[in-house]
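Below, subunit A partners subunit B and then partners subunit C, in two separate complexes.
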Partner chain A sequence: MTNALDIPAIKEASFEASVTSEDKGVRLDLRGSAELQVSDLLGPFLSRVHQEALRLGVREVTVDLLKLEFMNSSCFKRLVTWLSALREVEGQQPPYAVRFLSSSRVRWQKASLQALSCFAPGSVTVEARDVA
Partner chain B sequence: MSSLPEHPDADPREAHFEFRSHRKGDSYLFELEFTPNLRLVPIVRRFVSDFYGEVFADPEIISRLALATHELMENAVRHNSGGEARLMVELRDMPGAKHISVRIGNPSYPENIARVRRLLEDMERAPDLFQFYLHLMRQTAREPEGSGLGLTRIRAEGEMHLSHTVQGQWVEITASTTCPARPS
Partner chain C sequence: MSPDRPPPTERSLKHRWTIAISGMLVAGLAAQILLTGGFSFFGTWRAAIEWLKFSEQQASRMQEANSIQAFRRLGTALLRNPLVQAATQEPVMDRLQSEIEPVLEGSGVHWTYLGPQGQHWSSAEHGCEALATGWDATVGEDSGRWVACGQDVILAWARPLGAGRLVLWRTVDAQYLGEHKALADNELILWAPGLPLVPTLRRPDGGPAEVHLPKELERELAEMAPTESRCSTYVLRVRGYEGYRGNYGKGEGEVELPSYVCFSAINPSMTHLPHRVLYLIPRAVVDNSAWYGAMTMVATALLVLIPALVWLAWRLVGSAMRPVLTLSQASARVAKGELGVVVQEKAEGEVAQLIESFNAMTRGLEESQAARVESERRAAVAPLLKEMEIAQRIQSSILPAPQKVPAYDVAARMVPVASMGGDYYDVRPLPDGGCWIGIGDVAGHGVTSGLVMLMVQSGISALLEHRPDLAPHEVLRAVNAFLQDNIRQRLHSDEHVTLSLFRFHPDGRVEMAGAHEDVIICRANGTIERLETSGTWLGAIRDVSPFLRTTTFRLGVKDLLLLHTDGATEAPNPGRERLGLDRIAEELQRRAEAPTTEIRDALFELVLKWAPQPEDDVTLLVMRYLGQEQRAAA
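And then the complex of A and B:
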């Protein structure tokens, strides 16, 4: 399956990731449980998102984690690698911002996203919602 | 008892696992012996999360323990040099609280054992653990494998103490903390 951005979605039994175009940019939806088995899929997927975001010149990439039950360290590291690539793009400002939508009730999301915010300050914002 | 799966990603129904629990004095212990199987990891994480929910009222504590259990089990599968792994969860009664330790034991390769030892020593020495975590993220962002982020995450995000013991090829890593117990 592909979308308007021509980035194939990930559809595994316990995890799905898809990307769609939005007015202001690009939206990623991660659902299920992101574990070791999908980290090798998630890495290239995020790399494609990064390349497309640069190509299209979008200002923001939204990452929706509201339906993500869990993310292990291997998949978390894929996010780190992506943000690292974003930091390495030449220029005064990061070419686009990454906005995470998360649940304020899910502790690992709060802790992991705080770490990502400090890892890539100026690139990452976190919008926490009071949903289970 | 079924035969060992040939691949750590095999159908978990083909994996051997054996569960035991017992109470000893003011401690409650449960043990799970399992053949290395990645698909067993989330099943056990959900199972122990339900168990943690019976003991602790605070969902944040349950989430911390679930994260530690998952990362430790995955480590035991990824770095297993061949043979069964053992998850041990021990709860000890304390006044108004429970001390909980989540321990994983598995046979591993000498280089992995050395890496764990180095990482835990570095963590112990770090004056600021969160900065250590950020430094590790920067340092290993481009490395495909073996970043140590899983264990560091247990310490930095899960706020659990980490220790380890080694006997020959057998390594045990323990994540522990003390938390307020659910009011009875």
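And then the complex of A and C:
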């Protein structure tokens, strides 16, 4: 499937990732369980998201993790790479903000996203929601 | 088969065999047609004669029965007519005539009344004295008979009516023959010596055709016994003949009409008259029938049987040749490099043996090929495996040997996976009885992760060797600086490290910095505490100072502390369910009284039982605070 941003969605047996446009910018939905083998798909996917966000000049990219049950460290590494690329974009300010939507009931999300938010403190925020 | 010639395709082989078998079948069919057609043609004459004889018998039997029936129907109608009844009680010819003739009108049947006083009344135009004789002596209720009336032949039927007898009769004439012909399904000719012929052959205008019998036939008819029947072939001459049933022999003027002819007495009981009925079929009818029959067979064969035979041959050949064709195709596939082809066609005899031999050959080829591929694969990956082995050896070799820490009882182990997960832990005892402990995990797998882990270990060791007084977050900040440079700038890679560094003091105080997995504390009273680590990961950004800080907590005597990597908590069972930290903490709580080595082993057993084949390195470190007294004793 190709969304409006021309970024093919990831549809694996236990993991799905898709991108949609919204008023503020772009929205990423990650669902299921991001195992080790997903990391090879997730890297190019996030790279495309970054390029499209730059091309479109969006102000914010929302990453919805509310339905993400598990993420392997190799997949987290892809997020780190993405945010590192965001930091390295020339300019005084990062070109867009990244807002993570996490579930406050999922412990690993809280700890990992807190560490992740340090990579781009001005532009990465974590919004915890009380969702099962 | 020449090695350069491509194997015959299924279609070409099948075509050849189908053409061969079809040819044989069609040839057989053609021979059959010729024989059958020949027999049919040459047997036609005898068949025609049999046909004539049969027709004669059938017609004779049916004609008589039908005539009697016709008379009976008419007689019954007359008997039931009260006027006829009254007329016979007091017979008056005019009255009888006026009552009977309307009933018989158009039937071809005439009447004669034989009264008790010798009356012999008949319809106006017809009369036959012969009808008056013999009835009283031979006739009961009613009876039919053939009567000779001058030159005519009469079929008569009599029954009592009133005081006398009523005889209904008809002349055997063209009308009679027409009815007889319909029954016999043949052309008929009534013949008697010296009388004009009465034929059923018609002219186009409906009148009787003019027929001349050959002299030989006239002679034969005259000489034959009255009751005799026979058949022969003659050429009749006919003028104005329309043709048999309008289909054959049309001609103008007189034509010769070769025919099959059977002749017999008009009725077997009528031996006193020389009349004969000739049953005839023009030979053209029979011959054409035979010709059309043969042609019909040929046409049927051409249109139906031959395609059916070809189809049958195609199927037969397909069925018989399939195993051979399959073998041929399989051989072609093998020639193209598809060595594992197995032919599963069912066959018998030599073909079955051939298939078995072929399958054995392909099995051997496939095994040989697989062995060769495996050998090549091993040769290809050998350097990589060697590299991995070296990296793994380094990773294992730099793990700390069991260290004696006076104030703490420490038991740790790392179980690496084949792909090298990048787990790290280190224990560095300090002269004051405490120690430094680091535990971490390089995000990602493979040799690069192992190398990064080596950098972490080397960096921390070097720093602590030189500046053991540094706070944990200061150590991490320094390590991060060179780590980020090495990973991002030199390796041009994107690894990062989750790492927590602990400074254990001999008094039970613990300083901690760096983001890694939660720390589990099992207090001496059995209470479980879960401490979150804070900060950020190392190696991704240049300056982590703003995010790192050292926090402190305290252990009491006999308190247990568990450090781990995500390989333990995220170990999946076959149903992909994660083990989770809660199960590990419960096991720790259950084994709290045991020695740390035993607890460590029990926790590993728990992990490996949950996930017999871990997907990531698993590191577990269990330590118990022994207290100041223990330190003093040490």
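In the analysis below, the second predicted complex is superposed on the first by the 132 of 132 C-alpha atoms of A that agree within 3 Å, B and C clash if a C-alpha of one lies under 4 Å from a C-alpha of the other, contacts with A are read in each partner's own complex, and residues count from 1 in each chain.
What we mean here is this: a residue touches a chain if its C-beta (ideal position, glycine included) is under 8 Å from a C-beta of that chain, and two chains touch if they have at least 3 such contacts.
None of the values given here were measured: they were computed from a predicted structure.
*Asks:* Looking at A:33, would you say it contacts subunit B, subunit C, both, or neither? Reply first, second, both or neither.
*Replies:* In the superposition, A:33 contacts both subunit B and subunit C.
*Asks:* According to the stated criteria, A:19 is in contact with first (subunit B), second (subunit C), both, or neither; which is it?
*Replies:* neither
*Asks:* When the two structures are overlaid on chain A, which partner does A:73 contact: first (subunit B), second (subunit C), both, or neither?
*Replies:* Both partners, subunit B and subunit C.
*Asks:* Mind working out whether A:105 is in touch with subunit B, subunit C, both or neither, as first, second, both or neither?
*Replies:* After superposing on A, A:105 lies in contact with subunit B but is clear of subunit C.
*Asks:* Touching A:118 in the superposition: subunit B (first), subunit C (second), both, neither?
*Replies:* It touches subunit B and subunit C both.
*Asks:* Applying the touch criterion given at the start, work out whether A:81 contacts subunit B, subunit C, both or neither, answering first, second, both or neither.
*Replies:* both
*Asks:* Which parts of subunit A are touched by subunit B and by subunit C alike?
*Replies:* 14, 33, 36, 70, 72-74, 76-77, 80-81, 84, 107, 111, 115, 118-119
*Asks:* Give every residue of subunit A touching subunit B within the complex, in rising order.
*Replies:* 14, 33, 35-37, 70, 72-74, 76-77, 80-81, 84, 105-108, 111-112, 115, 118-119
*Asks:* Using the touch rule from the top, collect the residues of subunit A that touch subunit C in their complex.
*Replies:* Interface residues on subunit A, with respect to subunit C: 14, 33, 36, 70, 72-74, 76-77, 80-81, 84, 87, 107, 111, 114-116, 118-119, 121.
*Asks:* Inside the complex, what are the residues of subunit B that reach subunit A?
*Replies:* Where subunit B meets subunit A, its residues are 9, 38-39, 41-42, 45, 59-60, 63-64, 66-67, 70-71, 74, 77-78, 130, 133-134, 137-138, 140-142, 147, 149-150, 153, 156-158.
*Asks:* Okay, in this complex, where on subunit C does subunit A touch?
*Replies:* 441, 443-445, 488, 494-496, 498, 515, 518, 532-537, 540-541, 544, 546-547, 566, 570, 576, 578, 615-616
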